[in-house]
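Input: structures, listed below.
Next, two complexes with subunit A in common: one pairs it with subunit B, the other with subunit C.
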Partner chain A sequence: MSWNISRGVLITCLVLFGLLVFVPLTGSKYLIDLSTEIMVYALFALSLNVIIGFSGNVSFGHAAYFAIGGYANAILLTTYGWPLIFAFPAAIILSALAAAFVAYFCTRLTDIYFAMLTLAFSMLVWAIAFKWRSVTGGDDGFVGVTVPSFIDGRVPFFYFTLIIVTASIIILWLICHSAFGQTLIAVRENLTRAGFIGVNTRMMRGIAFVIAGAFAGVAGAIFAMYNRGVYTESAFWAESAQVLIMTLLGGMYSFFGPAIGAATLYILERFANEYTEYWPTVLGLILLVIVLVLPEGLVGLAKRLKERLFLGGGQ
Partner chain B sequence: MDMLLSSPSFAFIQVLNSISLGMNLFIIAAGLSLIFGVLRVINFAHGVFYMFGAYIMYSVTKEFHMNFFWGVIAAAIGLAVIAVLIERGLFQWLYDKEHLMQLLLTFAIVLIMGDLAKIIWGTDQLSVSYPESLSGATNLGFTFYPSYRLMLCIVGPLIFLGLWFLIEKTRWGRLTRAATQDMEMLAALGVNVPVIYVTIFLIGSALAGVGGSLAAPINSPTPGMDATIIVECFVIVIIGGLGSLWGSFVGALIYGFVFNFGSVIVPNWQDVFAFLLLMAVLLIRPWGLFGKPEREGH
Partner chain C sequence: MSVLETRDLTIDFGGFVAINNVEFSLENREKHAIIGPNGAGKTTFFNLITGHLVPTKGSVKFKDDIITGLAPHKIVKRGLARSFQRINIFPKMTVFENIQTSLIARDNKHFNFFSSGSAQNREDTIELLELVGLESEKAEIAGELSYGKQKQLELAIALAENPSVLLLDEPTAGMSPQETKVAIKLVDEITKLRGLTLLFTEHDMSVVFGIADRISVLHHGEIIASGTPENVRSDPEVRRVYLGEADDATT
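Right after this comes the complex of A and B.
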């Protein structure tokens, strides 16, 4: 029942996928790179939304799992010479395990503590990446990642990213619209009541956190190969803020909202960087607008506009 | 490690180092915890307030060539003014919204003020000198110890006493405690609750400013110092218990000892020890050593 997807959304997704397939044919390096990066960030933001939109907790440290996926994939591929088929899943499992470890502590308490602890643990990951020089390269970053030859090149890598990201999004969609996903929404809406009807709310929030961490790890693992390097900044709280703002900008109560937010924010960043070095200020102002005027993000705004237009402005 | 066991004066100095670090952190964490206790908001911007305190100290002593003491006063007043502007301009609109929006608002302030600091003070590491009267070492009889750090060991407990007296022994403090219990009832009794809120936010933020100005000679002001301190404060208030003055005091002392002795015993990995301690507290007493268990479903 709940796996019905609205026709409009489905058509939009198929058209978007169709368009993306043809992006490399344009031959524009700029466009191919931009699309690859946006796909990675879209997945990253969608993964965060499993925690925010579907379990109602806010993680201020989601970048930690992106970074763990990236570092693990890079180190296994390069330092240990593992083939991608083993390194990539291992990186995802490591991200999920790290998320499970943090979730074990964070889900003991509710919202405020959850926010503080996720941030604190992500900074611990950052500190470890920073200090464990012999393995992670410290503040110079882990550079010169070995990329397997079959995806070595702009176009093959684009298609690799497209396939992995699409598959991940389909899996995430299925999870969020399954009985499990619907239960998570019940937990979000009322933790106490969900508990009364027999839901193990702590376990549910923990599982949501692990799923989110695993898919952030997927995004991170792709990004490490794309950049041929992983840097400590990817675990820093500014990165967590960025993905959080992407999710909120798009709209946390819709499944695809965060992907829209990721694309919007990423393109905005590209433009902003040409005019100002103060991108964080722009981010801060966007966040202020979201908090004060647009709590449901762009998707919420679009819905409101649609109602105005088609229902003649009546409430 | 060997030094710790073989030389009592070295060990004693490490104890004092731990206390002075803990007391400096206490001043900042107490502000964060105080604001949470009354306003029920965790101010993510508390770290950036601390950073502004340190930068203000730099400007006052290095650019305006004024006394260190005036630097502390200026940092307190500066942050008090910023706090009032933020509370009246932005925060007051969000008290009836969900926690998330309040957290996000403070996060927006972090991003904007972080850039503002770069615009005003640049990105270089700045140095602040110790005040002249405290730049030397004090003779403790069997060993010498830096006077400045000794001053921190004294100022911290004084601030603790001041806050304790204010909250526990004055009429205003009783009203504040009442506001944490039932804000609507208090308003119905004719108390001006918004004034209590803005005053608490002001005091808490001024403490961050004072803490930053006092830390400036030890931790040279630099961009990014806000991220480090906010994580340290989070660890302290979670260990001690959110909203508890005693909790901040004891939590900060514990953090000071763990961090300092951790760096002596296993250099470079002191952060990890603090986190291990945090995890242990979360397992045994999730609401912190001096905190109260959360009420369900709010």
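Right after this comes the complex of A and C.
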């Protein structure tokens, strides 16, 4: 079974993985934390792109599944004392089930109606997290998450994140480049015609939504342990908007684009916060640039530059 | 033996009856043309048969089953495929991927999560591209092909589902006379090669009378005549509402 991955992409991934493995050796707490957070958001953004870039729908409520994964993992670990090996998969399954429930309704719709319904469901999740104080801690957040001793510590947790995120990205890559993934692109490209080649387009979009929800759940479950807590903000629409911007910034028509977008936006936010308190303004400007000049994100820009250089060299 | 039959087929778009009590039958292995002036309801009729629209009343029978109200993808799986009057392809995919994906869907491999998409059906894809004469364009982005080539791709996508009955909605619309000739020859050959039953709409009367075994005339959502080309050509009602000028122009 031959998988088609360009050599450049493969080498970049391997080099990046190699560099990440050595990050803890620098001994920089800042760098280790930053890398852990970026990995989580990269996975979160890549999961959203299964809906956006591959199935062709926009979700304004993807934070819901990140939050469900986070809360479920935190509550099962802490309140119920489950071992990680059960709590973590259970959290992912719960995220996937929630996504399946929402997908059942959303996939009846397309375009803006689809997007608004995902937003509505995510606000419902947010409201539950906010109001169900006895279980979720309400607006104080769910704090003091029990983290298993083998990953309790900056460096072991970094490696735990690296392994889970890498495995998740490999699985996502395989799915997105499988027969399913290719058909999903056809669904994105032309919903009507995809139906007329014998594809149940609603089912395809639904499954894409569930896969996206499950991997957002993985990211959320890791993040809950990393922060030793989960807060209602993680389900809020602003969180959904942020991951959407990451995806668009990186480029939705490329598999790895959203991960690049996540890293870029995360680092920009760090820097911006050091110099200004107007991060939302900066974010607004970034969004403006994406919409006006970078419709295919940073990856699209890189492609254009490469083409120009290539053509320039040939002349 | 009829493979496709409509009974009392009607669709009412909020007071405008686009298709009115149509009784139609398509015989196995015939080449049947539907003609009629613009707005007669030809495309709507196709949309009703293929599940794109649900009729207000009446039924569609395909082979031995009633298929009224089934989703398009279920109807396709029974062996009834169609092409569209306006180009309806997967524009950002390559020509090769357009066909490959259609074949993945034909073989029900689209829920296959862990086998490489690009490794599927490579030989069948090339075979089909050769059949419609697109093998040299296989690496091109479908949306960037010339109009005529996109029409050929449109046909190839429909053929990829391996249908027993093929519905072509204006297969030569927008083509130059030269392109029309090539396209019609291709359709004719493939129909013979695969033993297909063909139902098509067409505005070019020379094409219609050149290849159709039977012709039905649709006017204001009703079939006003149906029969062999000779019968239809001499039908006074048909001559009055539609054929008169067109016939003079093409013969």
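Following the convention adopted for this analysis, the second predicted complex is superposed on the first by the 310 of 315 C-alpha atoms of A that agree within 3 Å, B and C clash if a C-alpha of one lies under 4 Å from a C-alpha of the other, contacts with A are read in each partner's own complex, and residues count from 1 in each chain.
The rule is short, and it goes like this: a residue touches a chain if its C-beta (ideal position, glycine included) is under 8 Å from a C-beta of that chain, and two chains touch if they have at least 3 such contacts.
Treat the numbers as computed from the prediction; the structure is a model and nothing was measured.
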Message: Contact-wise, after the overlay, does A:174 reach subunit B, subunit C, both or neither (first, second, both, neither)?
response: second
Message: Is A:116 touching anything from subunit B or subunit C once the two structures are fitted on A? First, second, both or neither.
response: first
Message: Contacts for A:152 in the overlay, against subunit B (first) and subunit C (second): which applies, first, second, both or neither?
response: neither
Task: State whether A:200 touches subunit B only (first), subunit C only (second), both chains, or neither.
output: second
Query: Once the shared chain is lined up, is A:192 touching subunit B (first), subunit C (second), both, or neither of them?
result: both
Message: Between subunit B and subunit C, whom does A:182 touch in the aligned arrangement: first, second, both, or neither?
response: second
Statement: Partner touching more residues of subunit A, subunit B vs subunit C, is chain B
Message: With the touch criterion stated at the top, can you tell me which subunit A residues are shared between the subunit B interface and the subunit C interface?
response: 190, 192
Complex contacts: residues of subunit A adjacent to subunit B: 58, 60, 105, 108-113, 115-117, 119-121, 123-124, 127-128, 131, 190-192, 236-238, 241, 244, 248, 278, 280-281, 283-285, 287-288, 290-292, 295
Query: For subunit C, which residues count as touching subunit A in their complex?
result: 50, 52, 71-73, 76-77, 81-82, 84, 88-93, 97-98, 100-102, 104-106, 108-120, 157-158, 160-161
- request: Provide the residue numbers of subunit B that touch subunit A in the complex, in ascending order.
  value: 36, 40, 42, 44, 90, 93-94, 97, 99-101, 103-105, 107-112, 114-116, 118-119, 227, 230-231, 234-235, 238, 242, 268-269, 271-272, 275, 278-279, 282-283, 286-287, 294, 296-297
Interface residues, subunit A side, partner subunit C - complex: 1-4, 174-175, 177-183, 185-186, 189-190, 192-201, 204, 207, 253
